[in-house]
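First comes the structure, then the notes that go with it.
We just call them A, B, C and D in the order they show up, numbering each chain from 1.
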Amino acid sequence: MSGASTPARPLVLRTIGLTKQFGGLVAVRDVDFEIPEGAIVSLIGPNGAGKTTMFNVIAGLSDPTSGLVEFLGQRMIARPERSWLEPVVWVVPAVVVWALSYAAWLAGLPLVLGQLLVLVGLGVLIATLITAVVRPPWYGLLLVRFGIFKSARPNEMVLAGIGRTFQNIRLFANMTALENVLVGMHGQLRANGLDAALRTARHNREEVQGRSEARRWLAYVGLRGREDELARNLPYGDQRRLEIARALASRPRLLLLDEPTAGMNPSETSTMTALFGKIRSELNLTILLIEHDMRVVMGVSDRVTVLDHGEKIAEGSPDEVRRDPRVIEAYLGKGSVA
Amino acid sequence: MRLLKLGAVATTAALVFTACSSSPTPAPSGGGGGGGGSVQEVKIGVDLPLSGGELPNGGPTLNGVKLAVQQISVPGYHVTVEAEDDAVNGVHDPTQGSKNISTLVNDPAVFAVVGPFNSNVAQAEIPVSNAAGLIQCSPANTNPGLTKGADGAALRKTNPTKIAYVRVATTDDIQGQAGADIAYNVVGAKTAYVVDDTETYGKGLADVFDSSFKALGGTIVAHDGAGKNVTDYTSLLTAAAAKNPQYVYFGGVTSTGGGLLRKQMVAQGMGNIPFGGGDGISDGSAATASSFLNLAGPQGDLNTYSTVAAIHDIPNPDAFKAAYKAAFSTDPGSYSASAYACTQIFLDALKAVGSNREAVRAFVTTTAHKYDTVLGSISFDANGDTSQHIISYYKFDPTTKDWAFFKQKDFGTAG
Amino acid sequence: MIGKASPPAANPLRRTLRAIRDLASRLPQRHQSLTVIVGMAFVTAILPLVVLAPPLNGFGRQNDWLDGFANAGVFVLLAMGLNVVVGLAGLLDLGYAAFFAIGAYTYAYGASPFSGLDVPFWPMLLVGAAVAMVFGLLLGAPTLRLRGDYLAIVTLGFGEIVPVVFLNADTYTRGTNGISGVYQPVLPIVGNFGFGNPMPYYLTMAAIIAVAMILLYRLQDSRLGRAWMAIREDELAAASMGINTVTTKLLAFAIGASTSGLGGVFYASKLSVVSPDQFGFVISFTVLAMVVLGGMGNIWGVAVGAFVIYELQSQGLKQLNSFFGGLGLPPFHLGPLTVDLTSINFLEYQFLLYGLALVGMMLLRPEGLFPSRRRRAELRDEADAGAANEELVQA
Amino acid sequence: MDFGLLLQQTINALTIGAIYALIALGYTMVYGIIELINFAHGDVFMTGSFVTMWLLTTLGFQGTIKDPLTLAGVLALAFLVAMTVMGAVGVIIERFAYRPLRNAPRLAPLITAIGVSFILQNIVQSIWGPSPVSVPQIIDVQASFRVGGTPIRFLSIFIIVLAIALMVALQLFVGRTRLGRAMRSTAIDREAAQLMGVDINTTIALTFFIGSALAGAAGVVQGLYLGNTVFTAGFQAGLKAFTAAVLGGIGNTTGAALGGFVIGFIEVGSTYLGYTRWSEAVVFTILILVLVFRPTGLLGQQLAERA
């Protein structure tokens, strides 16, 4: 079953033994899963099969109970262990310095020294706290060393190159379409608060270029002329497109689409399906698709993975999957298999 | 019932307000004056907390000023009261106080100001009145730092030699000594437990009690602080009871927990331990609603002491009480008489030197001048503090259910 | 937008009006900083004149009003700062007064007889803002991972802790007495910062507000500002767009705290005393009410809201007695009740009226007095002029 | 270590904790169902203590009632009246200050909540005055029994038992009855509950009624225990109770009860160690620490989504 498609292409994403438990309920059990570069891979399965859970783990929205996710050969997620220890790590250095200041006081050293150490301790505390927030890579390594590793945050996944849309549209409703896309470009832009406050050249350049690029993205998904509409005022189909434009603006290597045609009529669906093809061919993107509509899945996918009750039951080309008896069994009675 | 009562007070207030509504042209005075064309309109400014939870502090104090203005007339002048509220959202607010005193300074008809009530408001106001040379008399401030030493000097930086802030209440440092004197010498306690309400007045008093009691040779078993938000003293008292104190001293006022503390002592079976406090708990008989004695309740033997920073042997102690009751149909508050005294002093000055601010200020702060007030004879020292350092001692009398005077002691000039 | 509602205007007058309206709505977008400066200068110049006119002159002299305005300015500053946290980033901060207190105490340490230091006012403004910011970071870093209302209670707790520390650490803070005799600013041009001369404070405050407003507007219209709004709209989606939500929220917190610190420094220098009971929950709440009533997210709306509420509290409600007394209305009957407005002591019902005002305003306009109108087309570069025209045609 | 003192302080902590817990329940229930921090809740509690005071003084009671039967009757009456009146006040507040804003921006009802809190305070202040007032302590405050020589007051035991009984009753109501199920389902998903035929308005009103009634009960208890109340008493008690609710995991009734007791123990503990001045700071510091380490409170559910 494994390695059914061309192995020559490198993998964009791989999960190894991915398991996610909610209390006693196992939503995803020990799933190994691969996405080769440039492919459109679909994840299907009956309701409650664990598709969205899988998706959220990959996108960094929830921590897996065990297993790991590799993106472009890099380990993104490990099981969180003793994550409550993390705050301890923040405080320990400062406490050590303060203990030193107390020791200095007990030892009868000049008071100024002790007071200085207290201030140094405060500085250390601030520094560690800020480090914990900013999370430079070495901090992650430190966490691994202490066995306190926490999974990558969603924003880190985005920066690594995973963009996504949501099953129930999650646009920034009170922002304009253009602003939505600009937020999508957040990771591409560099201007910080100081740049903004001083209106530096970097800020001005990025604003001008960013806006024109955002317009191009909107035009790309077919939303030319709607730049300044509030996202919540857009029609449903356009909101879906806007979500895709927003995800594309982060220049992802892998695009996760969660039921992008849900609630669309057939003609909207076919335009949308065409868009997927266009994205793949023109932008050279890999796409992971969760979809209910079998026509979409079978029409656009290179590979299909089927989940049922949290377990992977089949994997392969659309035709292979369509014929797989376990898949038919899982969907039996639903009549969904075309 | 209460609304009606308030109505009566409010009518008086409204009359005053109407009369002094600050229109550019002098309004024809409705009720007052009566003398003829040569009557000059002047105002006594008042700055007190008059709304929210602090109304019980400011309200009766303001009434003291009003009563004095009603009762005492100065020929040639029609005196009205201009009251400002320094409470914002129900809490005394130094910013508002500072603004109010500026407003009063800017009103040329104001020749003197009674107030403020709270120490931190005073800290914000003293520099302003000092700069403007407008005399201010606080009926309630007792924090030594407002006038004495480097702190006092820092507050009157603009005109260091021109005192513009006086007060009729003796400072905490003296009353605290008196409290320790009662505990150690009158009661004969060798160990004491001290609670303060963490506010300027209460903590200041308690700290002085603490040090004076130790100086006399006693031991402080514990000194706790419980702010006005604390309503449950049970655990505090349980802990204190284990240390067997022979005396409990409370630094604070009734509204920050004085009565509650005594009541819970009784509930905890500590009712037989003598209890003492300053003038903050000396606020009327058990019949007066919300007074310390009323709130502390009828149980226990109430071996309770308080001090008042004033002479007890004043000529006619009940006259003021009666007049106040007649005018406002309630008993006077803790500081009504002090406010009355402040006003008396200002009216004396008005009578003597007219309404010129600098003249009034200079007259009032002249250390040689003595004023006959409802609080007794008062003069001010070089800092503007009352030079009267006599403290009256009171003990609860179970038969009259009121404070009974038993001694007064002069603590001299040693600050 | 306008075209949709009415057919193309044939009437030249109407067209001119429309052009003016258009300019008025576009100017602030194109020359924001200039607009703020001109606007603040106009307001600063006009306010001292407005209070000379009836009926306002009946309630106080010009100096009284200016003194009040300078105090109100502190709250305008606080509200604009909190607006970044609550209005833009959508974080509920119930302990904002803590940073105000920290700013005020910082100035008191830097310039008072208590510490013996006498650092000039202007650098202290920056120091106060920086110290408040550090505490904002200290509080925010471990707690900003918390969800909405948990954050609210943490900030509330911090707001309660700070005054308690200032109260009880009396060796360092003089406890309940507070620090008094704090020095006043010195600046030759603006005039003598003395008691009873509010004009320099008034002008300084106006300048501080103008600068803060320009900076805040600039931040709002930037990558950072968009990230804040995205977090407010949908934190999860924002994170999925590559925004480091914790850092971004922390920045909002830090900027809010430093603005509050600025306010604190000014406040301490004007009042010349700081004490723990000036910085209770009431302040935090009042500022929050100013933000919500002004219109969350709208910088100038929040500023106006703060100004209005402060004046209502410190002037309006306190003047009701003399107002109704001055009206001299005869008693009238309300059913069985006789209402004599002149005999009611409104001071006593201040709280009730304030509460009713809050409830009433919220019921009538839950989005605030000046809800942030979503900004329309912004600075456009020349390359996109075509697209802009296209948009106009469509609208 | 002095065992007797420890025991006494434990009882003190449980008693004050019981009062916090009763108030916290109202916070947590309201939050659970409409995600509103009901800042007026502390003042509902305060008003309850005034209603008790009014009732007892109107009935002419000044102090301890010796006759057990009369005592039981008066107590029952006091609880009945205070709980009904405050429950009704809660429903009225919900109807006029919160319901119109149910779909408004989230912070709008928070502001009206504080507005309502001011209104309640001012009404109480206008009627009963701004100073503290005595509440007749109809249960003998000194009556006690001894455990190993340590006096334990009956009043404390009564309060603890009563509070726990009320909490158990609440749990049973929420867990076992049809209305309780409606409340739970509304809390989980309002729209779905509506589709299932739950009357949302009634359910929310009911939640306010129960929460406010519990605050009313806490008001009675506070009156009996401290014998004193003041119109500003609601703020601090409300703050502590709200903290208790969050500490326990807001939305979780068991958590609120636990949080109340925890705060009682923290307060009494800091007094026991001689840090009364810092007790408030200690409470909030512990709160912050707990939330840093357990971001959803002691008994709060782990959230499915993470951002």
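To be clear about the criterion, a residue touches a chain if its C-beta (ideal position, glycine included) is under 8 Å from a C-beta of that chain, and two chains touch if they have at least 3 such contacts.
Computed from a prediction, not measured in an experiment: that's the story for all the values here.
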item: Required minimum of steps from chain B to chain D, each step between chains that touch; value: 1
item: Furthest chain, CA centroid comparison against chain A; value: B
item: Middle chain, criterion being Cα centroid separation; value: C
item: Chain C and chain D: spacing of chain centres that average the CA atoms, whole Å; value: 34
item: Chain A-chain B separation of Cα centroids, rounded to whole Å; value: 67
item: Centroid distance [mean C-alpha coordinates] between chain D and chain A, Å; value: 43
item: Residues of chain D engaged with two or more neighbouring chains; value: 121, 125-126, 235, 277, 280, 292, 305, 307
item: Residues within chain B bordering two or more other chains; value: 52, 55, 90, 198, 225
item: Per-residue overlap in chain A, given as positions that touch at least 2 other chains; value: 61, 87, 154
item: Complex interface listing, chain D residues touching chain C; value: 31, 35, 37, 97, 100-101, 104-105, 107-112, 114-119, 121-123, 125-126, 235, 239, 242-243, 246, 250, 277-278, 280-281, 283-285, 287-288, 291-292, 295-297, 303, 305, 307
item: In the complex with chain C, residue positions of chain A that touch it; value: 59, 61, 87, 90, 125-126, 129-130, 132-135, 153-155, 157-159, 164, 166, 170-176, 179, 182-184, 186-187, 189, 191-193, 195-197, 199, 203, 206-208, 210-212, 215, 224-225, 227-228, 230, 246-247, 250
item: Residue numbers on chain C that touch chain D, as the complex places them; value: 86, 92, 142-143, 145-147, 149-150, 152-154, 156-158, 160-161, 164-165, 167-168, 235-236, 238-239, 245, 281, 285, 288-289, 292-293, 296, 348-352, 354-359, 362-363, 366-367
item: Chain C residues touching chain A - in the complex, by the definition given at the top; value: 134, 137-138, 141-142, 144, 215, 218-219, 221-227, 229-230, 233-234, 236-247, 250-251, 255, 374-377, 379-381, 383-384, 387, 390-391, 394
item: Chain D-facing residues of chain B, complex; value: 2-3, 52-56, 90, 198, 222, 224-227, 229-232, 234-236, 238-239, 242, 254-255, 259-260, 263-264, 266-267, 269, 289-290, 294-295, 297-299
